[in-house]
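Letters are used for the chains, namely A, B, C and D, taken in the order the chains are written, and counting of residues starts over at 1 for each.
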Amino acid sequence: MRKRKVAVLGATGTVGQRFIGLLADHPWFEITALTTSDAKAGRRYGDVAPWHWPGGMPDIAREMKLAPTTDDLDAEICFSALPSEAAAQHEAALAKTGHHVFSNVKTHRMDDDVPLIIAEVNPEHADALSVQRQRRKWTGSIVTNGNCSAIGFALAAAPLHRSFGIERAVVTTMQALSGAGYPGVPSLDALDNVVPYIAEEEEKMQLETRKFLGRWDGRRFVDADFAFSAHCNRVSVRDGHTEAVSLTLRGRPSLADAADAMRAFRGRPQELDLPTAPARPIVLRDEQDRPQPVLDRDVERGMAAVVGRLREDPVLGIKYVVLTHNTIRGAAGASVLNAELLAAEGCLGS
Amino acid sequence: MRKRKVAVLGATGTVGQRFIGLLADHPWFEITALTTSDAKAGRRYGDVAPWHWPGGMPDIAREMKLAPTTDDLDAEICFSALPSEAAAQHEAALAKTGHHVFSNVKTHRMDDDVPLIIAEVNPEHADALSVQRQRRKWTGSIVTNGNCSAIGFALAAAPLHRSFGIERAVVTTMQALSGAGYPGVPSLDALDNVVPYIAEEEEKMQLETRKFLGRWDGRRFVDADFAFSAHCNRVSVRDGHTEAVSLTLRGRPSLADAADAMRAFRGRPQELDLPTAPARPIVLRDEQDRPQPVLDRDVERGMAAVVGRLREDPVLGIKYVVLTHNTIRGAAGASVLNAELLAAEGCLGS
Amino acid sequence: MRKRKVAVLGATGTVGQRFIGLLADHPWFEITALTTSDAKAGRRYGDVAPWHWPGGMPDIAREMKLAPTTDDLDAEICFSALPSEAAAQHEAALAKTGHHVFSNVKTHRMDDDVPLIIAEVNPEHADALSVQRQRRKWTGSIVTNGNCSAIGFALAAAPLHRSFGIERAVVTTMQALSGAGYPGVPSLDALDNVVPYIAEEEEKMQLETRKFLGRWDGRRFVDADFAFSAHCNRVSVRDGHTEAVSLTLRGRPSLADAADAMRAFRGRPQELDLPTAPARPIVLRDEQDRPQPVLDRDVERGMAAVVGRLREDPVLGIKYVVLTHNTIRGAAGASVLNAELLAAEGCLGS
Amino acid sequence: MRKRKVAVLGATGTVGQRFIGLLADHPWFEITALTTSDAKAGRRYGDVAPWHWPGGMPDIAREMKLAPTTDDLDAEICFSALPSEAAAQHEAALAKTGHHVFSNVKTHRMDDDVPLIIAEVNPEHADALSVQRQRRKWTGSIVTNGNCSAIGFALAAAPLHRSFGIERAVVTTMQALSGAGYPGVPSLDALDNVVPYIAEEEEKMQLETRKFLGRWDGRRFVDADFAFSAHCNRVSVRDGHTEAVSLTLRGRPSLADAADAMRAFRGRPQELDLPTAPARPIVLRDEQDRPQPVLDRDVERGMAAVVGRLREDPVLGIKYVVLTHNTIRGAAGASVLNAELLAAEGCLGS
């Protein structure tokens, strides 16, 4: 397959850096542009961005000149980690001029012709792109991935929803600091503390989860129909969102049947053997004290949902814990996998 | 009131130390014995115990000789922070020989003639002591306080249960490291991590909560009848258990009515103005990001349940966050308050 | 003594809040003004400032209106926690109009007629105020306290310098997060990390330490003459700067003599029994693993230097560890103690 | 090269696990035995050891049966992470029966015929093995690597010592929690804290550093002759020891010359291109705020000393910060590299 030119929009932030890390040696994609706010444009990437991840800045990024975010970027695919105002300004404009935008930002997630995709969960939502292009007169497109907590919940719950149907869900998250970007959470709020609130997070989880698990009926998205309640908390963890999930499933399946559904779960990325696809999208562990962020967040290179403590819930029926790497599976990795999926399916042109 | 002689059983551990801190300048109680395992008995307290709390070891403790735990302790009241095997061996024996044991240990909590008391919530359970003494032929008694997480939940939920009735509760805890004692949780498990499991904790919460909110019918305890589900997690916090609570209440009260019930809640400790009683057993905060352990755990000298984020729950009806100081309100402080209550009510002799 | 009116300049930051905490119930001082940047002026303090310290906001502050920082503040004494540009603009102007400014900011620390005072160490530097007032034609004055790390070093080393004379000092600091204010250090830089650099900190320590331990000769400050090297590091601690100190002392005193000098050390604040004075300005501990921030930073209400591990240094002669509470002894508490000292000595008018 | 059979002694601890991680896919070595205390012998490794490192337990280890540590192990090379009493009992016995023991334990480090080797620094100390074997009548051998802090210091200082000669060194360490093993440091001692003491650490650094930088004169080790002072501290970091180093060098070289010496430094492992050798044993960084554990500990797969902040020291002459990964470069990785070196040099038989 020929290499496609890709740009990272908002390349200096924490998610932008994760994009660069995932794309630096990508077999299908080649970074041709890194964009930033106008103030930093023109400078060498290596001179601007303090690199926040272990392993160091990839050489290919270090030497690139930062570009402003403009409509005429020389790239077929744009991975967007823009701040939300910049996303509102640029993502649609880029799609209009023929770019395929894979956005990590909330701006267009709930638009009624923009797919919100987890590649293993609802790849058929990409069918909405033909409506999107026609209605908006775009030659490009916008595909979004969701909020990091919503992705973690929906990926692990997808096989349960598919096999049995979710009726009700109560979820408490314990979210990592990296989810707030950099500088993000002040250390005086993080050390020896829990902050029981993350702005807009509970609302995003409630809305996006139902879109992820819903369907595209050919003209519009039909949300999955279940009651959802989220408690979102920030804890002193670098990477990896832990979620305590209680569910009611239709038909009240046994724990063994639920476990089988999770273990057997595979999607299009696994069928197509996409470069960023985890071999197992859900890793189910039997130990009573797993998953733990420090031990499990890097399983499957950060692309798996690691589930543990599957057991009966005396109130709702079934409960478990799920961990996902929030800046990989919950952000940059999800976008890259979506782009691989659509490229492989022929949705991005040849 | 004359000062009563009190002993701290298991005085070198973290809860034993909290007992000493709370009793060192107590207006009603005077420490006359500190006990420990036989191996350390006979040594000066200050030479044995590395002191784990800010403020330093009270002078009165430093100079005392550690005693073995025996049935003939010279003390009317024994505060027990014994390890569970030692508690099984000594607590009943001490009660038999006339001591009033206030135990922080699980050994006797669920016995059918042993009261499990939160002083503001179910002081009338002390009526069971007459049955206890008669049946067991004890001249002393055993009163227990509960597991730290169960106390936090039950204290905040008590006015809601009393006013409306709890039907169902789903709770996720984020518990402090001090709850596991010392050395307790290894730092490699705590740093940059969440451990989604605490041995026996979910079971204790489910059992004890129903006993706390139940009643004594003159002959036996009748548990409160509601479904309860707990997810218990350890997070990187020194002191203060945070709990995300979702409830269904009978009659579906408004948020305002629920808030009023919490704010208005007072109990016997407040009526009697007991030395360790908080002025407000429940402190309800309006800010959207409170309570937080580092900011709120010491409110009312660690004796309040601090509640925040009271809001509607799309699944269960109502939800909120409650924080309690686990080694004060959830352990040593709870026992001391129970002893004050029973002393003031005349249940410990004159 | 009549109560003097005091203002806190820059009252919403972390040091401003410490000032309020220390002054809320002060026997000699009464808060009459809290100032802030113009943007927040006019608003109620309780509506503006998220309070960062346990124990909650004092009621007296909550209800006050924030004032802009102007020259005509109704206060005799101004405690300044202003950002440095604002300090440059306002501190001298306030001194000119008759206010006694006790500044926690570096702006005027090294001015050749501004005393840099640790109340126990160099109270006689206040004699410079007559020169200051005369030369600058001020009716008020400026007194500064130093950088938090410099105060910690100088307080513990003062009796050694006084008794023996310091020839050389090599110091490595492990500094708390609160020293950087709020939001200050990003949590992603603090968690599981050490940052081996703090802007300007090593330079401040080297300059200020020599001024603290120097003398006022009637016309000018004469610095103490010794070589000083600092390595400054940020570690994951909320409050309390730990410093590993290696010294060469003139005359090569024994460890016992050095210990005696530290233990015996008292200053004017102790003689005058000032309200904020610690009973022991230096607390020397014998245990081999103390001082520790979490256990020792609150000794003497945060106003002591806690010293431990006094032992021989194979290279320089003597070494030890010193801990001071950086926002109390190293900042707000130091200023308040300086103001008490000058008030008691009659330097602030009657 | 044929694969050599290797055993890991004390395979369940944190260093034992690092050995397994480094050896699982090693091109020259093949794990044939994992030993443990008798109590666990006979059990499957995967059933016994909670795995403490990200990435999960290598499959080859999971299925192995744990063996007791005995003299007749079927392995040419034994990597020892035994507790010190077990090391005293077994290491010499294994060497006597023909095993080449690479020990990570202090037991034999200072023996006068046992080399203490950092492969890049003093590979010629291996010449002592002929004396060792002759004198002790061993067919095998013991080679030790040093304490983790001593290795970090000596590796970075080696080119300075070689080029200029060290006269005096004052070092303050900020050491990671993993250095104390598992369970190791209690979380209540680590969170929000610094512990300014590590048992025996300062003594080990002082002794071992001089042996590392000394020479083997054909009959005995001649220590490097310089004064050394260490302050050792434990900080809240998972992996990576940070050391603040002040040095006096003979001839007072310029900073540029010192930097050149560090940058140019290569040793036998680089010449021989050993599998575990870092390309650059010392990585010198120019940024003013590096190295940092979270960003730099994994450079060169954890086998480099990362140095930064090289600058003048007003007291001793030169100062800098060095970071090394304590359980890789400072422990298991150092032993594996030593074994590779001696295998490549023909010291372990053909």
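Here is the rule we go by: a residue touches a chain if its C-beta (ideal position, glycine included) is under 8 Å from a C-beta of that chain, and two chains touch if they have at least 3 such contacts.
Predicted model only: the values in this text are computed from it and were never measured.
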Reference chain D; chain at largest CA-centroid distance
B
Result of counting contacting C-beta pairs for A-D and B-D, higher pair:
B-D
Whole-Å gap between the CA centroids of chain A and chain D
40
So what's the Cα centroid distance for chain B and chain D, whole Å?
48
Using the touch definition from the top, which residues of chain D touch two or more other chains?
52, 189, 191-192, 236-238, 294-295
Spell out the part of chain D that touches chain A in their complex, as residue ranges.
51-56, 191-192, 238, 294-295, 297-299
Note which residues of chain A are touching chain B in the complex, please.
168-170, 172, 174, 189, 191-197, 206, 227-229, 231, 233, 235-238, 242, 244, 246, 288-295, 308-309, 313-316, 319, 321
Chain B partner contacts - residues on chain D that touch it in the complex
14, 52, 177-178, 182-192, 236-238
